[in-house]
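Okay, so subunit A shows up in both of these, paired with subunit B first and subunit C after.
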Partner chain A sequence: MLAYLVLAGLTNSAIYALVGIGIVLIFKATGTINFAQGDVLMVAGYVAYMLHVALHLSYPVAVLGALAAGFAIGMLSERLAFRPLKSADTISLVLATVGLSFILKGFGRLIWGGLGDYLSFPSLVTDTPIMMGDIIIIPQQLVVIGGATLVIACFAVFFKFTPLGRMMQATADNRRAALLVGIRVDRVHLMAFAVGGALAGAAAVLMAPITLLYPDIGFPLFIKGFAAAVFGGLNSLPGTLLGAVAIGLIESLAGGYLGSGFLDVSAFLVIMAVLLVRPRGLLGSAALRRA
Partner chain B sequence: MKRLHLPGPASCGAAVLVLFAVLPLVANPYFLFIGNQLCIYVILSVGLNLLVGYAGQLAFAQAALFGIGAYAAGLAQVRLGLPLIVAIPGGLVVATVIGLAMALPALRLSGHYLALATLAFAQFTNWVFQHWDSVTFGGGGFRVPPPPRPAFLSAGLQSYYIAFVCAALVTLAASRLVCSRIGRAMIAVRDGEVAAESLGVHLLGTKSIAFGLSAACAGIAGGLQTLMLGFVSPESFDLTQMVLQQAMIVVGGLGSIAGSVIGAAVLMGLQEGLRAFQSAQEIAFGGLLLGVVVLAPGGIAGFMARRAAGWREQYLWGRKPPLPANPAP
Partner chain C sequence: MRQRLQLITGAILLMAGTIGTAPPAQAADVPGVTDTEITIGSFGPLAGPGYLYGRLAMNGVQAVFDTVNAAGGVNGRKLTLVREDDRCEPAGAIAAVRKLIFDDKVFAIDGGGCSNAAAAVRADVEQAGVPWIVFAAVHDALTVPTAPNIFSPALTATIESKAQVVFAQQQGAKRIAVISMRDSWGRSRYDPLMAALKTAGITPVADEEMSPDANDATAQVLHLKAANPDAVIVILYPKPAAVFLRDAAKFAFKPMTIGQSGIGDPAAFEEQVGVPGATANFNTIAMVKVTPDDPAVAHWRDAVTKLYPNDRLSTFNMFGIGSAEVLVEALRRSGRDLTREKFIAEMNHLTKFETDVYGGPITCTPTDHRCNKSPVWLKKDPGGAIHVVAITTVD
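Here is the complex of A and B:
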């Protein structure tokens, strides 16, 4: 029981981590939260579904398609909901991305909602559970955890070692100084939204076989990714990972031991508690409280 | 561009009041329902604008507090057998108390953190509506039998006139409030917390008042919604309802009472026109929210203030109006 719950929890953690890292990346580079992050994931998931299930293309093509879709929608988000508002206040920025989130959700429902309420996406590996002693393992769970780890590792390398990643770090540290040394900050903003979108696209393909696809899937994932990000301080990538693991595990254990109704609500209670006790998160720096 | 010459918001408001007072005499039941729902939306929108547009606190709990008002008023009638005259104010009190209880810790937060905390609160509230079966009747919702009424009024008319009187009072009170010391303190907090404090504005007090007032509006609107529909269910108070309300104040104009009323009417019209098409509703609400924030900050009220010479938001006693919200340069 415990092992099963931990594994299921970690699987969700992997998805929350991917969403949360996208949110933190965008927040670090631009100072705003993309409330449409979950809906980018939803659309990317449907794109992968179209490629893989409807057009019978191979799995890697579907993965690339989802990454590309996430990347493109991320760029579009920056153009529509961030660039025109660069000098606006937080309220305008947040409401703009909330609006964008609903536009994406509406289009998702319009285009794909008619195909069926919950679309199933085939697993990469067999659906037959593996028994290890008395532990039941669903292979796709391992794919999700392994896949997410791989994506996060790639992202860490990108962020630490590539020129673009280092430009993002520089912009996050000090926008004005970055501008002074010749970094095209506008381009960095655009790429942050795009890479954030691609991370959501990766999450979509990994997660779709387990959760199925439906138009309303975006918001719950966004709010949990956001919670993971806040848990870790909103500006710390390792902190976000930690937050995602914590939220996934708490959810799963609460759902298992307190009753399945508590699965969803425990995450919200944790968020409220964290914001109450330590608004800057576990690993965050103090300066961000009023962001 | 040529400036339009139009009567000001006060005269327009008076005209709307008269129109709404006599409307039921000619309206069919559908339009009566629309008018009733619009009155409720006006209360919600005015309340939310006080919090977001005037005090600058981006909270997402208004739909949840609306639900708390509706559940409290409905359950007071069904479970406790209280009369309507107690149930609706009861809903107001419960929503205000819970709103303040939520706001007190939230007062330490601002910006994105406040948005997340209030979103989590809203999700938690909706979960309680759905899962606390022994009190809330769970996900299926519950019926509230129509309250007794005087013989000369139909149930629809009674509900309409109660909502109409409440909406008129809330709007008048709010337009008076925003010109008062409290309203100006809220605007000062929005435009700069440190500056406001240095001018002697009590930061926490002012924020609490804004949270309390918006929760009170949500609470009374909830009671009126219960009265109108005779039915309460969790999904009426979900994220879509929240975005609908945010779109109302953004389209009408953040920091404008007249705008709150106009925005409520515009979004109400859209919601009814697209009732059969959920995806079109979402695209329309989201599109308006994004489009107005990007292309026309200030909304309809901001547009009127720039383009129409006679349009000054000048309310009772002719005091100078506060400036509409402007995105900081």
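Here is the complex of A and C:
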């Protein structure tokens, strides 16, 4: 039973991590929580659906389409909901992203709401369960875990070894200093939203075969991703990863050993307990200030 | 003198006649009714996941109205449908219904797709006295206690829950387990289900919970499998139900599973589950006894396709078709001098009225407006056709 619960928990962890890292990336660069991150994922998922299921294009094309859609919506989000308000207070910025969330959800309902209540997205691999030792696994679970690991690894490389990644890192660490050394902070903000959107696109195609697609899918995923980010430390990418793994495992193990009624509430109880002891989260540093 | 006497006598007779036969309510006095037209309102979700219970049901109502209008209307009046979107939300439903009643001034309402949203408008509709035929929402609060002007030819949560227990027993299940959502929608079914199990002397061998947005059911499946049930009663939306059956298949756990009308389209559900054969033992409740490809509803298939060329007839269209058939029958029986009071009186005495779609005859009484007590059981062969396997009539 333990092995099954751990595998199920890790699959959910991978999903939460992809959403959470997108939230943290934007927060680190801009000091703003993007409440529309889950809805960017939803729209990117529908774009992948249209390409792969409706137009019968190949899976890689659907993946590229979802990444491009996420990237474009991210850029648009920065232009519409962040840049015009960047001098405003934090509450105004947060409300702008909440508004964007509703707009994207309405857009999703209007365009795709009539296709079906919950749309199924074909798995990349066979649906037939496979045996790994004594453990039964749905192959798509491995795709989600493997895909998320790959995306996160690419992301780490991007931050460490590309000029843009380093500029984003520098801006996140100290915006004023970044401005002084000539980094175009506006461009960094734009790219943070865009890359965060692309990350949501990657998450969408990986998880859609497991979660199904519907216009309201964004918020529940956002909440779990946000919880992972807060748990790990809102400005720490490794912390977010750790938070996602912790939430996924706590949920699954609590559901298995304490009862299914504890599944949803358990992770949040642990988060509250951790935050009482360590308000910055597990690996979080001092609070960021917006430039 | 004689002429004056005749005039006075005539005047008295005229006055007596006038007093004795008060003028019937004129069309202009009755909201939503003119000499040539009756306006009916409808509300439900027009987009989003719930659109099946709103827009598609309304399309079914429209198909009936167009068919009736083409045949001359009801007692010489054409039927017009006004639609409002409630977004499947209580606040949206309240706004939609108030607009229908006060702005559009409809004669009656044929609508209500989502249970929680529909339940939220009961007080408004009851107070306004507007007749309301519920076409899809199943919340018990709509019909219990009985509101004088609200009638449901749709099933109700309690009736479905009772039917789930009866069906499980009819199929020989002794060990029964339950998996349910515990939100407002789930509770409206879970509580009467537990009461029905208790009445039948059955203690569930397992009682599991899932959230509407769950993406994994490993823990629940392991618990249920350990309990070794003959049947699992499923009170879940299609999404968590699909996740549950997918994960159950992963563990080769394939007991008889018994759904409800929240999972009313077995073909769409099979796609959502996505694992071949995982729905082989799945049975679910439909409000209607005919499948969309049944020759018995060929005329409705044609009517829907004519109106909406991109649509195929669906189960959800038939929710609207059934409710509209009931509405039209009560309008017809109310006669040319139509009033809301007459319409309500006719609904109160609608007895064993057969529609083209419902599982059993529709019977309403002044004290019981749960007019449909015949849930229909559907099953889909893996990759094949949908069959009606039983019709369970419950009290």
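Some observations on this one:
Criterion: the second predicted complex is superposed on the first by the 281 of 291 C-alpha atoms of A that agree within 3 Å, B and C clash if a C-alpha of one lies under 4 Å from a C-alpha of the other, contacts with A are read in each partner's own complex, and residues count from 1 in each chain.
We take it that a contact is a pair of C-beta atoms (placed from the backbone, for glycine too) under 8 Å apart; a residue touches a chain by one contact, two chains touch by 3 or more.
As the structure is a computational prediction, the values presented were derived from the model and not from experiment.
When the two complexes are overlaid on subunit A, subunit B and subunit C occupy overlapping space and clash.
In the superposition on chain A, contact of A:Ile136 is made with subunit C only, not with subunit B.
In the superposition on chain A, A:Ile210 makes contact with subunit C only, not with subunit B.
Of the two partner chains placed around the shared chain by superposition, subunit B and subunit C are both touched by A:Asp264. In the superposition on chain A, A:Gly113 contacts both subunit B and subunit C. Of the candidate stretches 59-67, 185-193, 275-283 or 293-301 in subunit B, only 275-283 runs into subunit C once the two complexes are overlaid on chain A. Shared contact residues of subunit A, touching subunit B in one structure and subunit C in the other: 109-110, 113, 215, 261, 264. Remark: subunit A residues 1, 4-5, 7-8, 11-12, 15, 109-110, 113-114, 116-118, 120, 122-123, 127-129, 136-138, 207, 209-212, 214-217, 220, 252, 255-256, 259-261, 263-264 touch subunit C in the complex.
Interface residues of subunit B, counted against subunit A in their complex, comprise 52, 56, 58, 105, 108-113, 115-117, 119-121, 123-124, 127, 131, 239, 243, 246-247, 250, 254, 278-291, 293-295, 297, 327-329.
On subunit C, the positions that touch subunit A within their shared complex are 47-52, 55, 182, 208-211, 213-216, 218-220, 222-223, 238-239, 242-243, 246-247, 249-252, 268, 271-272, 274-276.
The residues of subunit A lying in touch with subunit B in their complex are 27, 32-33, 80-81, 84-85, 87-92, 94-96, 98-110, 113, 215, 219, 223, 226-227, 230, 234, 261, 264-265, 268-269, 271-272, 275-276, 279, 289-291.
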